[in-house]
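These are the structures in question, set out in turn.
Next come two complexes built around chain A: one with chain B, the other with chain C.
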Partner chain A sequence: MNAIVDTRTLDPKKLIKGATGDWEVIVGLEIHAQVTSQAKLFSGASAEYGGEPNSHVSLVDAAMPGMLPVINEECVAQAVRTGLGLKAQINLRSVFDRKNYFYPDLPQGYQISQFKSPIVGEGEVIVDLPESGGQITVGIERLHLEQDAGKSLHDQSPSLSFVDLNRSGVALMEIVSKPDMRSSEEARAYVTKLRTILRYLGTCDGNMDEGSLRADVNVSVRRPGEGFGTRCEIKNVNSIRFMGQAIEYEARRQIGVLEDGGSITQETRLYDPGKGETRSMRSKEEAHDYRYFPDPDLLPLEFTQDYVNELARHLPELPDNKKARFIKEYGLTPYDAGVLIAEREQADYFEAVAKGRDGKIAANWVINELFGRLNKEGNDVATSPVSADQLGAIVDLIGENVISGKLAKDLFEIIWTEGGDPRQVVEARGMKQVTDMGAIEKAIDAVIAANPDKVAQAQAKPTMIGWFVGMVMKETGGKANPQAVNDLLKTKLGI
Partner chain B sequence: MSVDQATVRRIARLARIAVTDEEVPHLMGELNAMLSFVEQLDEVDVTGVEPMTSVTPMAMKKRADIVTDGGYPETVVANAPMTEDHYFLVPKVVE
Partner chain C sequence: MTDLTHMTLADARDALKARTISSVELTKAHLAAMEVARPLGAYVLETPDQALAMAKASDEKIAKGDAGALEGIPLGIKDLYATKGVRTTACSNILANFVPKYESTVSSQLWRDGAVMLGKLSNDEFAMGSSNESSAFGPAVSPWTPPNWTADKAKSALAGDKKGLLVPGGSSGGSASAVAAGLCLGATATDTGGSIRQPAAFTGTAGIKPTYGRCSRWGIVAFASSLDQAGPIARTVRDTAIMLRSMAGHDPKDTTSVDRAVPDYEAAIGRSVKGMKIGIPKEYRVEGMSAEIDALWTKGADMLRAAGAEIVEISLPHTKYALPAYYIVAPAEASSNLARYDGVRYGVRVPGKDITDMYEKTRAAGFGPEVRRRIMIGTYVLSAGYYDAYYVRAQQIRTLIKQDFEKAYAAGVDAVLTPATPSPAFGIGEKSGADPVEMYLNDVFTVTVNMAGLPGLAVPAGLSAEGLPLGLQLIGRPFDEETLFSLGEVIEQAAGRTTLPTRWWA
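Our next item is the complex of A and B:
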């Protein structure tokens, strides 16, 4: 273990006000991410979620006597890819240990994990803060491979627990952060970013509802400038929103205890989303004596730097790189680029629309019109009724001055509900912008002739021109080019 | 290194082995005899020698990521004292 270093400078805006002064909250996270793989970490049984009880279980997973674990090489590759994505040190030699404890859904009586020598060492994640603005770097302490446990159901009977071992032996990556976060927002943003990275890499699906991503949250508080306080660990939080709530509650609870003259005991707590509070898990005094030792059934995990290089060579473009490229290549704002890269599918959609077109207009349409509409309908990009080709055609029609921005929104609506080729729809429904100056001039003349009083007003007060533009647009059924109308009106009105 | 009676009780509890008070002194003697036997290794100077986890100088065997096993829940629970719908049933263990 590396010594705990405080990497952050105090930000007064992030402090929590107590009754007797300000407090700083310190958060560190252990994320359990299920490795995307077909089979389990040490057996050939399926790693798929769900399934009939005990149907994805081999005799290895059920810990029958004499069964031996054999490691799944893809799970190793996935851990290395993840380490590379976290800009972390990859250890060419790591060791599997047994972590001993008793629980009915752990048939071996121990979990195979990595204690002293993990497969991945120190790395870092750069995190944008959407709410308070700015950027932080969260250090990664380590990443190790381990087995998941089975699942116990306690609500099926008043006196019995039901045990299903389908999840037993599925590969997990435990990703341990340094205590580098100083607010619930930072913790939420970190998990969001980590999830994005994992999904880009294809090493974890990030599905929190199915438990593919779960967090153990370490929280402590201190007076500004003091050393780290005693932490409490909130176990198994499976939603980013709940994690934020749990941190807020736990920090307040600890501040309350300390301000009342008490002290914090290091313990494990659970978050109850229904009540919005954390509570102590009945602490078993010897719960933490895991008696780790190297698993004699497994040899050290060794691979070459060439193997790592080969995996690195096939890594997809990572979120940070994609964001930088979007800013540079398409002239996007960091904010827009950040929105687009949050999911790989969204970024791919945007690139399909933006290729060979104006990137800013494309981003505007993808983010504001498309994402806005998709969110409203609870849809995502994968099931969007408007394809990237169709949206691209709409952007083209705007760029070619065939339709105005306003008509483009109507056109988007038509394509969303009815589908079709945008060009043909514009043609068929007469939505083309009038760029014929003769027709525009005729409409302007008609408006001027009908409103001599307004003409006088406009000449006295040039901002009145907006009223004329509106009238002319109305006269032309919204199809006139507003810029052309504006320019010609200025000449005609002499302003 | 040697263990006292409290340590013997603690080890037994961690291993979920029921040990009566009468058995403790005897077990303590046995454990301490084993420990002092192993302690002979302390005579060897192992400065600079990396801890060995295996005696076989070979690389770990790996499997391909293919589903080759499972799909026999009735076999998995065959020896369980109590089952229902292929679940293992155990005395309630909720925290």
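Our next item is the complex of A and C:
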């Protein structure tokens, strides 16, 4: 373990007001991310989520006598990829240890984990803060591979507990951050960013509902300028929102205890989302002695730098690089670029729309029209009714002055509900913008002739031109080019 | 007619091939002998139907000229090996009715090569012991009678509390007893600290613990994973060589097994040992060692010298730390390996008022005293605050022991000769008293070999003044079992084949 270093400078805006003054909250996270793989970490059983209870269980997973673990190389590759994505040190030699404790959903009586020599060492994650603004760097202490446990079911019978071993032995990456976060917002943003990185890499699906991503949250508080306080660990938080709530609650609880003259006891706590509070699970004294020792069934895990280089060569573009490229190549604002890269599918969609077109207009349409509409309907890019090609065609029609921005929105609506080729739809439904100056002049003349009183008013007060533009647009069924109408009206009215 | 149960495995193989005997005949003779010898307690489960079916199939294969290397040879299997559809208990109550749905890699290789399974052999519970007295099925008895005992006295003791009869050694006591009593032509065994070599020495049989990684551990109930290794016990060095060829080999299901070609070990039998350098480690001349064992050791060295080998004194300076270090490493691994026997998924369960109570009652009822003792020792030495003082230091000693041997081999030594045990077989009840260390001292010459991961062969080298078998141990370079077989054959030939004990139990 490396010594704990305070990497942050005090930000007064992030302090929490107590009854007797300000407090700073310190947060460090241990994220358990399920490795995306076909099979489990040490057995050939399926690692797929769900399935009938105990249908994905091999003899090894059930810890039958004489069974031995064999490392799944794909899980090793995934851990290395993740380490590279976290800009972390990759350890060419690591060791699997046994963490010993008894529990019915832990068939071996020990979890195979990595204690002293993890596969990945120190790294970092750059985190944008959407709410308070700015950017922080969160240090990564380590990443190690370990087995998941099974699931105990206590609600199936009044007198018995049941055990489902489908998850038993599934590969997890435990990603341990340094205590570098100073608010619940920072913690939420860090997990969000970490999840984005994992999804880009394809090493974890990041699905918190299915438990593929779980957080153990370490929280402590201190007076500004003081050393780190005693921490409490909140176990197994399974949503980013709950994590934020748990941190807020726990920080205030600790502040309350300290301000009342008490002290914090190091302990493990649970967050109850229903009640919105954390409660004690076990104290440090009750903590298990896990009796870690190197697993004698497994040789140390060793690979070459060439192996790492080869994996690095095939790594996809990472979110930070993509964001920088979007800003540079497409002239996007950092904010828009940040929104677009949050999910790889979104970024890919945007790039398909933006290719060969105006990036800013493309971003505007993707973020405001498409994402807005998808959000409203609880849909995502993968199942969007409007394809990138279709949206690109709409952007093209605007750029070519074939349709106005307003009509484009109507067109988007038609494509969303009915589908079709935008260009053909415009043609078929006569949505083409009128750029024929003769037709526009005819319409203007008609409006002027019919409203001599308004003409006089407009000549006295030029802003009245808006009324005329509206009338001409109505006359042309909204298809006239608004700029052309405006220009010609000015001439005709002499304003 | 020759007694079919007193043949060597090699002779039986040749007779089967020549079709002067059939596997069914051979198997029936063994099944009959087993029935008579039940009071010896060598077998904890007999599988006659399976044996006869396998024998019949073997005879058909032999007739077709399609025989495997062990075609038709009846063998006994240590109860630590998982056998598909056949109860496998490790001689522990906690697995009293456990029937695996899988076959261990090593036993499946024996069946692949045509061997016939007679049944499951007794051992110390979870292979923890040196006398086979900790088996949940009760002690297995050596077919050798105690000095000056008449057959009648032995027979009546066998019908009673067995006190005073000789232990066959352990943990592979059932294997050694069965081979010596003519209840199989060879047996599988396992060795964590001497569990093949000490019983072989006690019963006048041959046994080899191969290099760590030579045989797959998959499907063998684990005691101490970094020390456990499968191997054979048989009547002659040649017979063990024949068996090991089938048992050895790489297994992708065991990461610690080594991917290395398996030589024709039998071809090493009779190979000249001329010019080989044999090390005699002075540190093995332990305090309290009997003059008889000392003399045997010298005699063994003389036999090898007579065959053209050069005898040199060597030093293995860390030898004295091996036993205490072993009794830290092995229990530490065992305490973790045996955590799976918790009453949740298989094996015995004793109900309790909650999960902890169920665990405690199950494990208290399921494990015998020696197993409980080692789980406690292992748990203790791995505990926070003691880990560095015990486990880490024991591992450091292990490295030093390994280096001792490496230095000797680097200096040109081809093999090391030592006694196999500090004494001949002792009586049942003699060392199972209050002080477990007395029993542990049996392993003093054998544990170094497991700690260093080297191959070790126990070869019968003669009888004590009182007429009990004595064995010598040959320790080799990693994966150089062949040299051990060549040297072992020299000793065995020079010492003269030990005659099997008479069937006083019948």
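Assume the second predicted complex is superposed on the first by the 487 of 495 C-alpha atoms of A that agree within 3 Å, B and C clash if a C-alpha of one lies under 4 Å from a C-alpha of the other, contacts with A are read in each partner's own complex, and residues count from 1 in each chain.
Following the convention adopted for this analysis, a contact is a pair of C-beta atoms (placed from the backbone, for glycine too) under 8 Å apart; a residue touches a chain by one contact, two chains touch by 3 or more.
In this text, all values refer to a predicted model and were calculated from it rather than measured experimentally.
Participant: Return first, second, both or neither, reflecting whether A:F102 touches chain B, chain C, both chains, or no partner chain.
Facilitator: A:F102 sits against chain B and chain C alike.
Participant: I'd like to know which partner A:P65 touches here: chain B for first, chain C for second, both or neither.
Facilitator: After superposition on chain A, A:P65 lies in contact with chain C alone.
Participant: When the two structures are laid over each other on chain A, which of chain B and chain C touches more residues of chain A?
Facilitator: B
Participant: Is A:M281 in contact with chain B, with chain C, with both, or with neither (first, second, both, neither)?
Facilitator: The answer is first: A:M281 touches chain B but not chain C.
Participant: For A:N379, decide between first (touching chain B), second (touching chain C), both and neither.
Facilitator: After superposition on chain A, A:N379 lies in contact with neither partner.
Participant: Given the touch rule stated above, what does A:N486 touch, chain B (first), chain C (second), both, or neither?
Facilitator: neither
Participant: Could you say whether A:N451 touches chain B, chain C, both of them, or neither, answering first, second, both or neither?
Facilitator: neither
Participant: Given the touch rule stated above, what does A:N364 touch, chain B (first), chain C (second), both, or neither?
Facilitator: Neither chain B nor chain C is touched by A:N364.
Participant: Check the residue A:N238 against both partner chains and state whether it touches chain B (first), chain C (second), both, or neither.
Facilitator: After superposition on chain A, A:N238 lies in contact with neither partner.
Participant: By the touch definition above, which chain A residues appear in both interfaces, chain B in one complex and chain C in the other?
Facilitator: 59, 62, 70-71, 100, 102, 104, 161, 163, 289, 291, 296, 298-299
Participant: Give every residue of chain A touching chain C within the complex, in rising order.
Facilitator: 59, 62-71, 98, 100, 102, 104, 107-110, 161, 163, 289, 291-293, 296-299
Participant: Applying the document's contact rule, which stretches of chain B touch chain A when the two form their complex?
Facilitator: Checking each residue of chain B against chain A gives 10, 13-14, 16, 53-54, 56, 58-73, 75-77, 82, 84-95.
Participant: What residues of chain A sit close enough to touch chain B in their complex?
Facilitator: 37-39, 43-46, 52-62, 70-76, 95, 100, 102-104, 152-154, 156-165, 270, 281-282, 286, 289, 291, 294, 296, 298-302
Participant: Can you list the chain C residues touching chain A in their complex?
Facilitator: 81-82, 88, 90, 95, 98, 100-102, 104, 217-222, 224-226, 252-256, 332-333, 335-336, 338-340, 342, 344-346, 355, 359, 379, 382-384, 387, 391
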